[in-house]
Amino acid sequence: MFSLSVNDHVMIAHSLPHEFFGPAQALHGATIAVEVTFTREELDEHRVVLDIGEALALLDEALTPLRYTNLDEHPDFAGRLSTSEAIAEYIGTDLSTSLADRPEIGITVHLRENPRAAVSYTVANRP
Amino acid sequence: MFSLSVNDHVMIAHSLPHEFFGPAQALHGATIAVEVTFTREELDEHRVVLDIGEALALLDEALTPLRYTNLDEHPDFAGRLSTSEAIAEYIGTDLSTSLADRPEIGITVHLRENPRAAVSYTVANRP
Amino acid sequence: MFSLSVNDHVMIAHSLPHEFFGPAQALHGATIAVEVTFTREELDEHRVVLDIGEALALLDEALTPLRYTNLDEHPDFAGRLSTSEAIAEYIGTDLSTSLADRPEIGITVHLRENPRAAVSYTVANRP
Amino acid sequence: MFSLSVNDHVMIAHSLPHEFFGPAQALHGATIAVEVTFTREELDEHRVVLDIGEALALLDEALTPLRYTNLDEHPDFAGRLSTSEAIAEYIGTDLSTSLADRPEIGITVHLRENPRAAVSYTVANRP
Amino acid sequence: MFSLSVNDHVMIAHSLPHEFFGPAQALHGATIAVEVTFTREELDEHRVVLDIGEALALLDEALTPLRYTNLDEHPDFAGRLSTSEAIAEYIGTDLSTSLADRPEIGITVHLRENPRAAVSYTVANRP
Amino acid sequence: MFSLSVNDHVMIAHSLPHEFFGPAQALHGATIAVEVTFTREELDEHRVVLDIGEALALLDEALTPLRYTNLDEHPDFAGRLSTSEAIAEYIGTDLSTSLADRPEIGITVHLRENPRAAVSYTVANRP
């Protein structure tokens, strides 16, 4: 089993309007440091999991709709809880669509939202 | 598959009194940086693995008996080897008890004892 | 010359409404990882720069008004550009007031707003 | 399941002579930060996965043939693409040979080649 | 005093052909993680030290001639010792030229060449 | 102005027997991650601040008397408060003695005792 991980970040505003979230119910924000790990059983003909440049481009594409946005008004999050877990799932789903023609590649999205908390999502229906 | 990771640290003294451990047989100490990862197949109704505040509180509770202690005299370690692996198992077992009513949550405890060495323990009998 | 550094973080929303800031003109947010460094020529009678617990408490006090806020509506930032540099100056000024009775302690506030950019402010009129 | 991770680094030159690699076709180099994770179902009689000193020595042994080399002229890489994935596989295979008498230990090699990209290889035919 | 720091990296090959450098005399390579810190006494009219985008662009410009190169054949290093200190000075001098019209900005270049060693250069004749 | 930084760590036990230190009065321990920064106005004839190998050896020599020890019984700390600041001063003084013949080199010792607190000491009577 091989993996390739690349990273990037986005800076977003959002609120989590449910008493469950305590002070995070208020409008606040986060720098979300994203690391995506692509996995494969065997390397391809160039002895890589994926080209690093392509991996970074795929991640950039997935993050572009989120850059400098207020998720409370974002078409894909408005009216839904934009927890870090939900954002990870959103990014993973987008990457999975981009890699629809390569089902042999597994995808895990890891998000660090602050120095003390991070989440991850491994895309379902992939290895 | 989703995960949430939170972290904290404790500062302990201990010795590893068996020749296997070379210079670490002497009384010394460690800052143990702990990261716990909680995993779940599906998010709960608030779209999270676990509330971050609850996760940090559970970890704090598990670490409190270890803070500023000499493990050589700690009731749970005295007379037993308090290797990092054993400390990870101790913390994981404690967290597993705290989450006895939520068996769907997996638990992995990761301990960094110095810049060049770290250990982990994944609780048995959980996903 | 001695120093003590402690750290914490806040998660804020804000916008930078001037064309100079390009896409950051939109409402977005940031996790701001703050490290404060206190400096002193000589240690005190307990051989420390400052008690770590007191240093963490001073920092917590300075950050509390910023936690989970939208700076665009914060009394100290509304109508003014809340750049990272301005936030660093705000925190440093607050810490300097708290340490008004100890002018021998220098104060530098370091803020990391994302993995690729950080700022700092050293309080004026202190060593 | 338990794990122990230790780390070290090597500084190598190489080229990736295939148009697939764009600018990395030219002779360049990398600091490769290596972290190896050893896994085991149960701890041994000293309550460890492996002695940290032995783990660091095994890693040092595996890295020695790579230190301060040009992989383009290295007997094990000349004429083959020395991608990070291939280097991870090389190191993992070497460690697996060293641990041939302990098949119960799993081995994963993680290489960071720069702040934005990392790869890993989990040795096949081990747990 | 305020500062802004931004970072990037380059991957280069080189040799240090003098017995003083021991095994680093051989052709090898390095990932050089560069952090540049710009300092200013007072913020500008936008309450920043420098625009982050401009800072990243200046750094990218300074690093472009080094990306994926063999310094032994680089016009600015061939026949001279390309130590990390010398590379830091080269980058700092380039940035200083780019900022010739803003002499009020101090410049420090920090290079990490591996997890255990880093160097810095503060440009002379600036604050 | 140039600098070279190298790092290492030690694992020690100690207590801070004065009510000022609260729970740290008890015997506990720490992993102390040490980074030493050597500074010089001009590079030497090999275009370095100091040879990295020599710098690491000097640091190792300074740390050897502390490795795996209980500072409460260490000849240089017994009966005195072994705060992180005091340990930094001890290491800096030792390095300064080792570099007595090179007074043009400045020395700063930076110690991280846990993820949230660090101290530093810059040796007096040096640049």
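Letters A, B, C, D, E and F name the chains as they come in the text, with residue numbers starting at 1 for each one.
What we mean here is this: contacts are C-beta pairs under 8 Å (C-beta built on N, C-alpha and C of every residue); 3 or more make two chains touch, one makes a residue touch a chain.
Everything numeric here is computed off the predicted structure, so don't read it as measured data.
Number of steps on the shortest path from chain C to chain D, with steps defined by chain touch: 2.
Traced through touching neighbours, the fewest hops from chain E to chain F number 1.
The greatest centre-to-centre distance from chain F, using averaged C-alpha positions, is reached by A. More C-beta pairs in contact connect the chains of D-E than those of the other pair, out of C-E and D-E. Chain A maps onto chain D through a rotation of 120°, based on Cα atoms and reported in steps of 5.
In this assembly, the C-alpha centroid of chain C lies 27 Å from the C-alpha centroid of chain F. Chain B and chain C have centres, each the mean of its CA atoms, that are 32 Å apart. One inter-chain figure worth recording: chain B and chain E are separated by 41 Å, centre to centre, where each centre is the mean of the chain's CA atoms.
Multi-chain contact residues of chain F (touching two or more other chains) are listed as 7, 115-116. Chain pairs that touch one another are A-B, A-C, A-D, B-D, B-F, C-E, C-F, D-E, E-F. By the touch criterion given at the top, residues 18, 20-22, 80-81, 83, 85-86, 88-89, 116-122, 124 of chain F touch chain C in their complex. Residue ranges on chain F touching chain E, taken from their complex, read 1-8, 43, 46-49, 51-53, 55-56.
Chain F makes touch with chain B in their complex at residues 7, 9, 11-14, 23-24, 26-33, 67-70, 113-116.
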